[in-house]
Amino acid sequence: ETLTIATVNNGDMVRMQKLTEDFTKKNPDIQLEWVTLEENILRQRVTTDIATKGGQYDVMTIGTYEVPIWAKQGWLLPLDGLGADYDKADLLPSISDAVSVDGKLYASPFYGESAMVMYRKDLAEKAGVTIPEKPTWDQIADAAKKMTDKSTETYGICLRGKAGWGENMALLTATANSFGARWFDEKWTPQFDQPEWKKALTFYVDLMKEAGPAGASSNGFNENLALFQTGKCGIWIDATVAASFVTNPKESKVADKVGYALFPTGGVENHGNWLWAWNLGIPAGTKKAEAAQKFVSWATDKAYTELVASKEGWANVPPGTRTSLYANPEYQKAAPFAKITLEAMTAANTSKPTVKPVPYTGGQFVAIPEFQGLGTAVGQQFSAALAGSVTVDQALQSAQALTTREMTKGGYIK
Amino acid sequence: MATLQTRATARIMMSPAVILLFLWMIVPLVMTLYFSFLRYNLLMPGTEEYVGFLNYQYFLTDPAFFTALGNTLLLVGGTLLITVIGGILLAIVLDQPFWGQGIVRLLVIAPFFVMPTVSALVWKNMLMHPVNGLFAWIARSFGIQPVDWFAQVPLFSIILIVAWQWLPFATLILLTALQSLDGEQIEAAEMDGAGPISRFIYLVLPHLARAITVVILIQTIFLLSVFAEILVTTNGGPGLQTTNIAYLIYSQALLQFDVGGASAGGIVAVILANIVAFFLIRLIGKNLER
Amino acid sequence: MARSVTTQRKLIFTIIGWSIGFLIFFPILWTLLTSFKTEGTAVATPPQFLFFDWTLENYHEVQSRSDYGKHVMNSIVISVGSTLLGLVLAIPAAWAMAFSPTKRTKDILMWMLSTKMMPSVGVLVPLYLIFRDWGLLDSRLGLVAVLTMINLPIIVWMLYTYFKEIPGEILEAARMDGASLMKEIIYVLTPMAIPGIASTMLLNIILAWNEAFWTLNLTAANAAPLTAFIASYSSPEGLFWAKLSAASTMAIAPILIMGWFSQKQLVRGLTFGAVK
Amino acid sequence: MGSITLEKVSKSFGSTSVIPEIDLEINDGEFVVFVGPSGCGKSTLLRMIAGLEDLSGGRVVIDGKDMSNEAPAKRGLSMVFQSYALYPHMSVYQNIAFPLKMDGQEKSAIDKKVKDAAHILNLTNYLDRRPGQLSGGQRQRVAIGRAIVRQPKAFLFDEPLSNLDAALRGNMRLEISDLHHQLKTTMIYVTHDQVEAMTMADKIVVLNAGRIEQVGSPLELYKSPKNVFVAGFIGSPRMNLVEGPAAAKHNAVTLGVRPEHVQISKTEGLWKGTVGVTEHLGSDTFIHVQTENTGKITVRTDGDFATEHGQSVYLTPDPSRLHLFDANGQAI
Amino acid sequence: MGSITLEKVSKSFGSTSVIPEIDLEINDGEFVVFVGPSGCGKSTLLRMIAGLEDLSGGRVVIDGKDMSNEAPAKRGLSMVFQSYALYPHMSVYQNIAFPLKMDGQEKSAIDKKVKDAAHILNLTNYLDRRPGQLSGGQRQRVAIGRAIVRQPKAFLFDEPLSNLDAALRGNMRLEISDLHHQLKTTMIYVTHDQVEAMTMADKIVVLNAGRIEQVGSPLELYKSPKNVFVAGFIGSPRMNLVEGPAAAKHNAVTLGVRPEHVQISKTEGLWKGTVGVTEHLGSDTFIHVQTENTGKITVRTDGDFATEHGQSVYLTPDPSRLHLFDANGQAI
């Protein structure tokens, strides 16, 4: 039997691919075929395939955004044959919630992340600022401005700016959450005309203008990572996985100078509710369900963590899925950011992303099928605001208009 | 050539290609047309229903539509401008005798072999990046504020990348055309007292007209559907500044998975492309027949 | 124009020519150089041009992660296969158009070309459904079929222009000599058009090689060509410039080298016979 | 074994009639030349005989059999094209062997026939060359070689020499004539060069706008052209055609006299004129005289007659060699 | 106002010397024809005069001024190319006007000159056409028109008629001769066709392998060729050149006699032979006779001499018209 596995080209998955042998040794009757793709292309491919029942894949790597939507459509097999060693109870509750529908697990988390603040301790010291463990946006702004020194190409803060629902809109939705804003009210009316959004976006644009790097409007995760690693950023607020990259001395000039803090709050008690996990799911149509479950359980159980640790060291194990990992002293030693990561993950609540009531679940995204298109369209407006080609007000107005349009078309607004 | 027999065989010989192409065109086209009248989102199966012209209405009234149309024309026009003018200049340089001509020619045609995605990635990240990019470094070495390409001049940046990929094509065609210019004509003009510039204006340019037409025709066909470069670099942003029709349809089809909307968009694009083609054919008809 | 070219003039053009050539080639050169750097050096400022620690690590990494050979094989099969199939379909069609033209020949040609103007993404879903039903998903055969159809108009058009350069008298001579239609095409037309056919082939192999929409969207594990290979290196989480450069170099090297070796033919191919 | 009859053959392309209706008899072994100005339909007629062009009406009968609807290959004719139409990718040997190969003949038989043909045409040393490596005359010979090996009922030539330069044309003319003497096969030869027509033909067919103006032997046409067209077309330099009183004197509308039949004198004669351009060929001299009443007259004298531009001279046509034509251009 | 002197002019391409060293004097108003076989350097020489080709040595003096290093446009010469080299995208009018426009002349002046030229050349009705819409002869005239409007010191023609068919070539020959009489400008005319050379030239320069074989008027060359090369080249049909005993009798290595100076008889004569191909031109007949001892001899007789293929005849050369050459091919 040959399993075709679609996966994203991130480091942890690549590592899993290299450990294939361990699995095939244990299951000599199962061969693995890997299809590794860049995130956006992967999403297109698997979505087209599953929606048309193309049946090309037996295991798919999907995000927390897709799991609930697909599960509702009955496209995913509920994972009830993962074996005794799987220990479902060990999963972080927030993650486990995100990949379950009606209490049933529809995908098994491979690694998870939230967002947090990473900053340069040396620069902060030089600028004479301290960043508390639970900062507010004002504190961040103040610190960023003080750290900025454009003559040495040191920028106080690096934030995502490239348009895209998974790029700038992830950060901006989380930021908006932390400012008390929401995408929709209970009747699915878009809320970009509300003061909370204006406050959040104005804050973001102003801060980036003053303390951000050039070209911020086309920076995504990778661009910011490169900037931070080469020592050009004072503060970077992004996904928690970044921590393992910036502390890797082989790649990073600033490996030993990074400090961490929780995602900032902006007046309300909300740390943005950023939660993401890449999960392994099994399409309902597969004829190799049993083998697929075997593989999923191999790749996501505790033994796999130990396997990686033994081959590549504890710093490289996939983070963010299991409580037991964070209790492991060896991991804590290898990953100085473990504590903050865990805190951030537990703080994220996807069923109640904002302080005001909303009809959707999510966090840095809204878990409705239209969100990819919508988020990207709104993201384009906001990145235009950041680039300075439109004002914040214009951007919000356009966002409101186009969101209303799409929601009407989608039948949400009657 | 023209006996009844040969004409009959000709029809038979042509039919496989024509029939297959016709099927290739018509089957997806009919399906697309059919889908375009449905509410059909891949992510919400089972909700398909006939909605009349709703999808068209939404596509055409999309505030992004006219911007995208404009951007499409700018992208095609700008790229054509750069490649044709650059191609002519380059062809003239390459036509002069100099040392290592053959090698330079190889260097110049190389971009044509690079996959669009690869070239977009390389340009965006390694060259145009305002902080880490090579251009920024060069600018700073001269003490100039580096250009923030994708924020300040996003569409132009895309045009630049696309033009880089197509410049070799234009150069090669124009170079070949240039080399086919009758030497005696140039000599005649020389005897007639025409200097290099007059010769260029009165002889070389008109001689290249046909080749330029070919460049325009072929490139337009390919440029109308550029989207990989946009996807990789700007995702159509900031704002709508780099969204073209192809990208707009892409976002409907592969971000929203709105098959109905994308189909309507596809039909609109086909119509637009045919309008462009109509003008092109009239242009070509005149110039190719000669 | 056999007047001597002054050395000075030649020198000036040597400088201009090489500068332009270098500038245009630079992005590729830079990719090549970057592929030998470590990820850290790849993003370093100021950029390192030649004096860095050259490493083959990226190539090792790329090789160990994906089956480069399989992707290359797929690329070759798909691009060559679709081109050959296209030729088989196009040669008779072009023969008919060139040597037995009717009033509608030009229209048919233009119509064929206009089928290329359909945005592929608009017809993805219909085609995906057809492919699924016919079991062609992720098969080389399916891709060969699609790319054949995509490039067929160009192949027909190019062959048509080449065939038109062949004097009809030669085919008539063959006919007088007793050759049947099949023999006329096999023994006379095709060998005479070899240069044209070769350049058509080259250009279409390149176009098929670089086609990145259908090859990505209709394949999974088995039939994925180099475009899919590249898609597994672009923008993952973490630094990737050097690895991407290595992968890019590997993806474009075969076609680049082929293109360079056959550039004489290619020039002909590119001009679509339009420039005589 | 090689007689060809055209019966009411006509041809139109779309609505334009190129050949209204032609009847023609070509006997076995004859060398027939179709001659006429460019665009008069010579090639079209030849191609209809060959089967490369459909008939719009009428019949083509070869050796008594109606071949009007037969495929070219079946008619047993060979054709030599203006552009030679050699197969550039085949060697001379292969070119000549091609029709035999198509005929499915045996290797050894082919070899013998090709070598024989090459011997006749002096091509033995070039059998391995490609057409591109041959001179114009050699290519022409290969084309002929390809035509002979099939031992056709008749050869069709379409302006086979028009791409050669003057000297070579002269030589090839002789070679083709020689060949005809050797093979004694029917040949139909198209040209618009009247010198070729005169020197090679047994029978000349003069065509004009798709119509046959006259059929006859070269000397017949030279001596008694049926009409003005033929008179003007045959003979070099052209016959002088005079209208007006000079012609009226003989009760004709047009009077023709060939340059070689005009006497020139510095002292006296019928027509007075001044010398224009004089062309010295060495052996002959052509003097173009602008006469006072009868227009430009060309006179041919021997090489030694000395004149100067602008000089006054007198011309006298030989009265026994006058050609007279009526208002319709028909000979009286 | 139009004399051209070549002094020790030489040319080599790389290491191959194409023109060893040439001295030549061309007088104002002369019509000089360069003639010689293909590849002998005619075009090269002409192009050196025009300035389109560098000199490897020597000087080109035009009207007493050394122009060896002057740009083509500065030399005041006009050239008509073999391929016409018309500007295909310009109308006839624009083509002719081009040199004037380049000269920066006024619109009205240009218009007058173009119209005048068109009038001289009978092109008035075609001024709006593109070259592609013209016949060969008309194109040729446009090329000449473009050359005249500049009122150059001299015209250079490089095989201007070689792309035309026989009849047209005859006409254009006359037209160019006429033009020369009209304009009286120096003309240098390159051809490899000896008929053109003979009929048009005031002075013929026979070139062979880059060397001048003989310079003289057409009749001089015809009557007393300096060597075998010139003898064989000038005259049509070619002079019969006989070696062996027949020549030795006259103490020469080669004996030459022109076809028009050989008597043919059915009964008696010096050389016996059999008739091969006979070419009837109407006015003359060329008989190709295979003699027993002296090879193939061509004889020219008048149109009425009747022979048959294979018939025995006797030939007698006119003793007063024999040309004798020594072992080096020089005339004795």
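So that you can tell them apart, the chains are marked A, B, C, D and E in the order they are listed, and the count of residues begins at 1 in each.
We adopt the following convention: contacts are C-beta pairs under 8 Å (C-beta built on N, C-alpha and C of every residue); 3 or more make two chains touch, one makes a residue touch a chain.
To keep track of the chains, here are their UniProt names: B, C = Sorbitol/mannitol transport system permease protein; D, E = Multiple sugar transport system ATP-binding protein.
The structure presented is a predicted model; accordingly, all values stated were derived computationally and were not measured.
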| item | value |
| --- | --- |
| Steps needed, at minimum, to go from chain B to chain C via contacts | 1 |
| Top chain pair, ranked by number of contacting C-beta pairs | B-C |
| Chain whose average C-alpha position is farthest from chain E's own | A |
| Centre-to-centre distance between chain E and chain C (centres being mean Cα positions), rounded to whole Å | 53 |
| Between chain A and chain D, centroid-to-centroid distance (C-alpha), Å | 89 |
| Length of the line joining the C-alpha centres of chain B and chain D, rounded to whole Å | 55 |
| Residue numbers of chain C (touch at least two other chains) | 1, 43, 45, 124-125, 129, 172, 231, 234-235, 241 |
| Where chain A touches two or more other chains at once, by residue number | 44, 48, 52, 153, 226, 230 |
| Contacts with 2+ other chains: residues of chain B | 1-2, 42, 125, 131-132, 187, 254 |
| Chain B contact footprint on chain E (complex, rising order) | 50, 52, 71-73, 77-79, 81-83, 85-90, 98-99, 102-103, 132, 146, 150 |
| Footprint of chain D on chain E - complex, ascending | 162, 165-167, 170, 173-174, 177-178, 181, 192-193, 195, 198-200, 218-219, 222-223, 234-237, 258-260, 276-277, 279-283, 286, 288, 300, 303, 309 |
| Chain C to chain B touching residues, read off their complex | 1, 5, 9-11, 13-14, 16-18, 20-22, 24-25, 27-28, 30-31, 34, 43, 45-47, 89-90, 92-93, 95-97, 99-100, 102, 106, 108, 110, 112-127, 129-130, 149, 152-153, 156, 168, 171-172, 181, 206, 209-210, 212-213, 226-227, 230-231, 234-235, 241, 244-245, 248, 251-252, 255-256, 259-260, 263, 266-268, 270-272, 274-276 |
| Touch list for chain B against partner chain E, complex | 182, 184-185, 187-195, 198, 202-203, 206-207, 209, 290 |
| Complex contact set, residues of chain B against chain C | 1-2, 6-7, 9-11, 13-14, 16-18, 20-21, 24-25, 27-29, 31-32, 35, 42, 90, 93-94, 96-101, 103-119, 121-123, 125-127, 131-132, 134, 137, 141, 164, 167-169, 172-173, 175-177, 180, 183, 186-187, 210-211, 213-214, 217-218, 221, 224-225, 227-228, 232, 245-246, 249-250, 253-254, 259, 262-263, 265-267, 269-270, 273-274, 276-277, 281, 285, 288 |
